[in-house]
Amino acid sequence: MLQIKNTGINFGGVKALDNVNFDVPYGRITALIGPNGAGKTTLFNIITGFLKSNTGEIFFENENITNVQPYYIFAKGISRTFQNLNLIPELSLKENLLLGIIGKDNPSAVKSILRLNSKYWQRMEKKIDYFMEITGISEWRDRKTDEVPYGILKYLEIARAIINEPKILLLDEPAAGLNNVEKEKLMELLKFLVNKNMTIFMVEHDMNFVSNLADNVICLNYGKVIANGSYRDIRNNEEVIKAYLGDSDA
Amino acid sequence: MQFIYSGITSGSIFALVALGFNIIYNTTGIINFAQGEFVMIGGMLIYTLLSIYGLPFLIAAPLALLAALFIGALFERVFIKSVRSPNEIKLITITIAASIILRGLGMVIWGRNSLSVDAYIPYKVLELPAGTLTSNSLLVIIVSLVTAFSLSLFFKRSSLGKAFRACYDDKIAAGICGVDVSKIRMLAFAIAALLGVIAGIVTTPISYVTYTDGIMTGLKGFAAAILGGLGSFWGGVAGGLLLGIFEGFFASVLPSGYKDAFAFLIILAVLFLRPKGLFGKKKAERL
Amino acid sequence: MKKLLGVVFMIILAVPLYAEVRLGALFAVTGPASFLGLPEKQTLEMLVEEVNKTGGIAGEKVKLFLYDTKGLDTEARKKFIRLVKKDKVDAVIGPTRSGSTLAIKELAEKYKTPLFSCAASKRIVQPLNKYVFKSPQSDTHAVGKIYNFLYKKGKSKVAIITAQNGFGDSGRTELLELADEYGMEIVADEKFRDTDKDMTSQLTKISETNPDAIICWGVGPAPALVAKNTRQLGLDSMLIMSHGVASKKFIELAGNAAEGIILPAGRLLVAEQLEKDNKFREVLINYKNAYEKRYDSSVSTFGGHAYDAFMMFKYGIEKGGKKPAAMISAVENMGAFIGTAGKFNITASDHNGLDESAFVMLKIHNGDWELIN
Amino acid sequence: MRKINYPFLILVLIILISTKFLIKNEYYLSIVIFGMFNAINASCFNILLGYTGIISLGQAAFYGIGAYFAVIVAASFGINPMLAIVLASLFSALVAFIIGYPTLKLHGHYLAMATLGFGMIIYVLMNEMAFITGGPSGFLDISKFSFFGVSIYGEHSFYIFVAIVFFLFTVLFEMFDKSYLSYKLKFIKESEFASKSFGINIFKTKLLVFSITAGITAFNGGIYAYYSGFISPVSFNFNYSIELLTMAIVGGLGTVPGGIIGAAVLTALPEFMASIEDYEMILYGCFLAVTIIFLPGGLTGLIKRILNKNASD
């Protein structure tokens, strides 16, 4: 579904990504792992159009989306989350959720200011309710983001990323900062989404989380793909072990 | 050609002011709108010490510089450090408030008239190819360059200067490694004030000092810092000199009324082509 | 709450119970024009105090309401309405700047309040507004005086360099307009900003045209820089300044470079040099001494404008009373009167009453003013 | 879509109406009129900085463009002043669009410098293009103002007119604040990165906001020119842009009442201090500094806190 072909990028003289190749298959959960600084988030940023790669191409549903503008990529059905949440503290959860959809629907600003498109907003309310329901944050609906626990914000961010019903969801460390109960819930949510035919591609450090969810794991180190396969394959891959041990040595 | 000489003279002052902007920007990330007021205060101080107390220049100038360090440090403690839940916009606005207060104090203390002091060195007109330069203008240029060079040495060589650079690279990391970030900030303001006062001291015999001077001086210095690339040490110097030369150039080739408009037009053009200034990098060059 | 509001409004609307003359004043006491506004303010405060010591005007004490315009049109407008509507003044002296005066010219008529402006532009009294007078000489007269002087000296190639503010602009307009009439040829037309620190670029351009005389029109420290830079470039053209620099401060700032500069100015600066029987001498010396004694700084012609304006106002109240129409017609029929700026001859059609003779030509010599013919 | 804050709008309306009936003194009316001009301008600035994160130090230029364009067009072509003001507003929006196109790609201090430079250029043009603007001496030839045949002259009738305009703009700002558009702008301000990845065309949105606020500021400027009957460049210089910045910040960034309260306080304050003269500047600066140091959310934040405290008691 998403194909990364020969992608590479240089920062100054450093090759942050070097000739990266892999596919993200449709309807599965694919995890991207690797030590800090391996280039995982950089790759995300290239896919979503924030960084221009120096080499290679990226295909989404067989369309070349290399180095196009972020909003075009979004329009194609690629949605993402961030390590730092990028929520707006002065708005309620509900209003923050709305931010996920307006870029797609582009409701008329004039109509909105003059309050002429109430039908649309009623539909949106329903939609918001539904997505709050499935992410389990309904009870916090009208609270501001600084009044709710961190875990809830993580769910909110995922809700914001899926409310526009993307074809593929890119998650940047979804489990980071969550406790075990919250992680359990998150796993259920992601499984639920995959069952609804969504493709998920995530960067994650938590191996337990990855092992429970990922159908396919790709390991990056120093900008190169060093392993690609099922979790079990990866776990026994020597290079991966070396990369992680080397990492923990430091 | 005369425009080059006059451009370098006023440009070296812009450069000093731009350096003041850059030093504060690099340690705090803000623009200090009171930087021009430091220049005004410098002129006023030297006037007071020379003309009112009648001190010889060699005593008056160091005294003024010491006062500058004190004023800068006090400025940081009173205005910058005390801001609750600081953010960029708030800190910039507090410097605007501070500049209004300084200007008001300048007016109350030194009055509304322009003040002047006698030249520090004998007046002499130097005949240069296709133009002239006065000995005092030359002094301005030399003092500015010497100041810039010694400051760059300070940042490169001394351990305190290295702490400054660490602070700029990464505030949190610098804090962990035992650099007292708060002290560095205070010092940054002190040094910026020092630069301003130096500029004020050298320009007052040539172009006088008035309590309202700070606004324009600050603006030009800011423009110079941006032109060179915010945070870039030599960029600020180059930006200042270029701005001075642009102004002189436009005054001598165009109807002179439009010279400021064209100087700013050039700055806009530079920004459109190089959004980080001439010498600015993504994370601007180190001090 | 209601009670409190009532009290507040009573205070605001309270009309004075005892008789007094209420005089309003608007000067640019702060801001870039403050070195003009301050002597005006000081002069007026001094005069009001003096007058009150000697029993006031027509037996009534003068109460002064003085506000700062900061040199801004909007402030002038706000404060003028404040004077008229809140302080209920009988007349207003000021503002300092031409722009500020023009901004309230129409209001003076609307609120039927006589205005004695201390700003120079001839647009203040032309077209004539019944309620607006002005005490300084017009730029036309200064330019006429200069061109006459040059004509007599047989010089005709003139370069002008003017400030980019109301004063410089209005001088420039007159310089350009009157040039033909006096057979002058303008060979260069340059400008500078008050905040400029170096004028050599413009002056180099001027020197290329080789003029007989350079006329600089500006106020404040910038003309002193023009003088210095002219000297630096070694231009041998005659340097002429406007009356805008007619204060000791200018000589102080320009230092040696001031030597030999020629300018038109009111007689105030050279009061002591006037012949003993000169009709201006007594008025000028009295004002000069009083001012210099009280404020310990040398007198400038700007303060003199406030002096003249106050004299007009005083005469108006004495002879006409507080009713605006009566006050105005009294001033209009004032006849010849000797002020600091010159001999005024205000009529119903001329609310300034000065002509070229208000100016004398001065030369700066040995750091002081010297009368020349 | 939040609910419109009707109590706030009604309060504004009540204040405007009672001012009309309680204040007869033209002086106080003129202060209120200036306050309203400042409030609209500060609100526009607030929408730029407080909502969208665009720092524009050239707002005075748009105000000036509106004022000059309106009176010049009306004087040269003899068209109705109201129409001239509308044209001025459109013209200013167009200028903002053209200027914004390269400028809004810049960020932070660079954007501040670019807008400031633009303001300086316009200021120089106002001074130098004397053949149409009257130069530094100002523009006097301003016709009487009338609105659909109703002549508007003097503080009383101008108060009514400006109050209506001000109220309509306040309603508009409030409706904007409660619409999704304000969330969108705040999203852009919070993180351009995130909002881009959610399909928001940041540049287009910013350009639109910049142009519209420039149009409103110019509309306001046109009315100001007719109200004041005389304009000269000093009213539209860099200092005025800075004043707008301080008004928005003292009032509270990112809120509708912020610009209004800030403008009201900072317009009224100098009038109270008018007799202090020499120390006015220092006191004004101290007031600013104290507000910024001790009131994180500006005056609006303070009021909100007091209201909340009372509500919870």
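General observations
Here the chain labels run A, B, C and D in written order, and each chain numbers its own residues starting at 1.
Going forward, contacts are C-beta pairs under 8 Å (C-beta built on N, C-alpha and C of every residue); 3 or more make two chains touch, one makes a residue touch a chain.
For clarity, every value in this text was computed on a predicted model and none was experimentally measured.
Among the remaining chains, those touching chain C as well as chain D are B.
Taking each chain's centre as the mean of its C-alpha atoms, the one that lies farthest from the centre of chain A is C. When the C-beta pairs in contact are tallied for B-D and for A-D, the bigger tally goes to B-D. The mean-CA centres of chain A and chain B are about 47 angstrom from one another, to the nearest whole unit. If you average the Cα atoms of chain B and of chain D, the two centres end up 32 Å apart. Once the centre of each chain is set as its mean CA position, chain A and chain D turn out to be 41 Å apart.
Distance from the chain A centre to the chain C centre is 72 Å, each centre being the mean of its Cα atoms. For chain B, residues that reach two or more other chains under the stated contact definition are 107, 215, 255, 257, 260. Residue positions of chain C touching 2 or more other chains: 29-30, 164. Among the residues of chain D, those touching two or more other chains are numbered 127-128, 278, 280-281.
By the contact rule set out at the top, the touching chain pairs are A-D, B-C, B-D, C-D. The touching residues of chain A, counted against chain D in their complex, run 48-50, 70-71, 73-75, 79-80, 82, 86-88, 90-91, 95, 98-100, 102-104, 107, 109, 112-115, 121, 160, 164. Only residues 29-32, 34-35, 37-38, 164, 189-193, 195, 197-198, 200-202, 204-205, 220-221, 224-225, 228, 232-234, 249, 252-253, 255-256 of chain C touch chain B when the two sit together in their complex.
Those residues of chain D whose C-beta lies close enough to touch chain B in the complex are 49, 55, 102-103, 105-110, 112-114, 116-118, 120-121, 124-125, 127-128, 238-239, 242, 245-246, 249, 253, 278-286, 288-289, 292-294, 296. Chain D contributes residues 22, 25-28, 30-31, 34, 127-128, 130, 135-138, 140, 154-155, 228-232, 234-235, 271, 274-275, 277-278, 280-281 to its touches with chain C in the complex. Residue ranges of chain C in contact with chain D, taken from their complex: 5, 9, 12-13, 29-30, 67-68, 71-74, 77-79, 81-82, 84-86, 98-99, 102-107, 110-111, 121, 123, 164-166, 168-170, 173.
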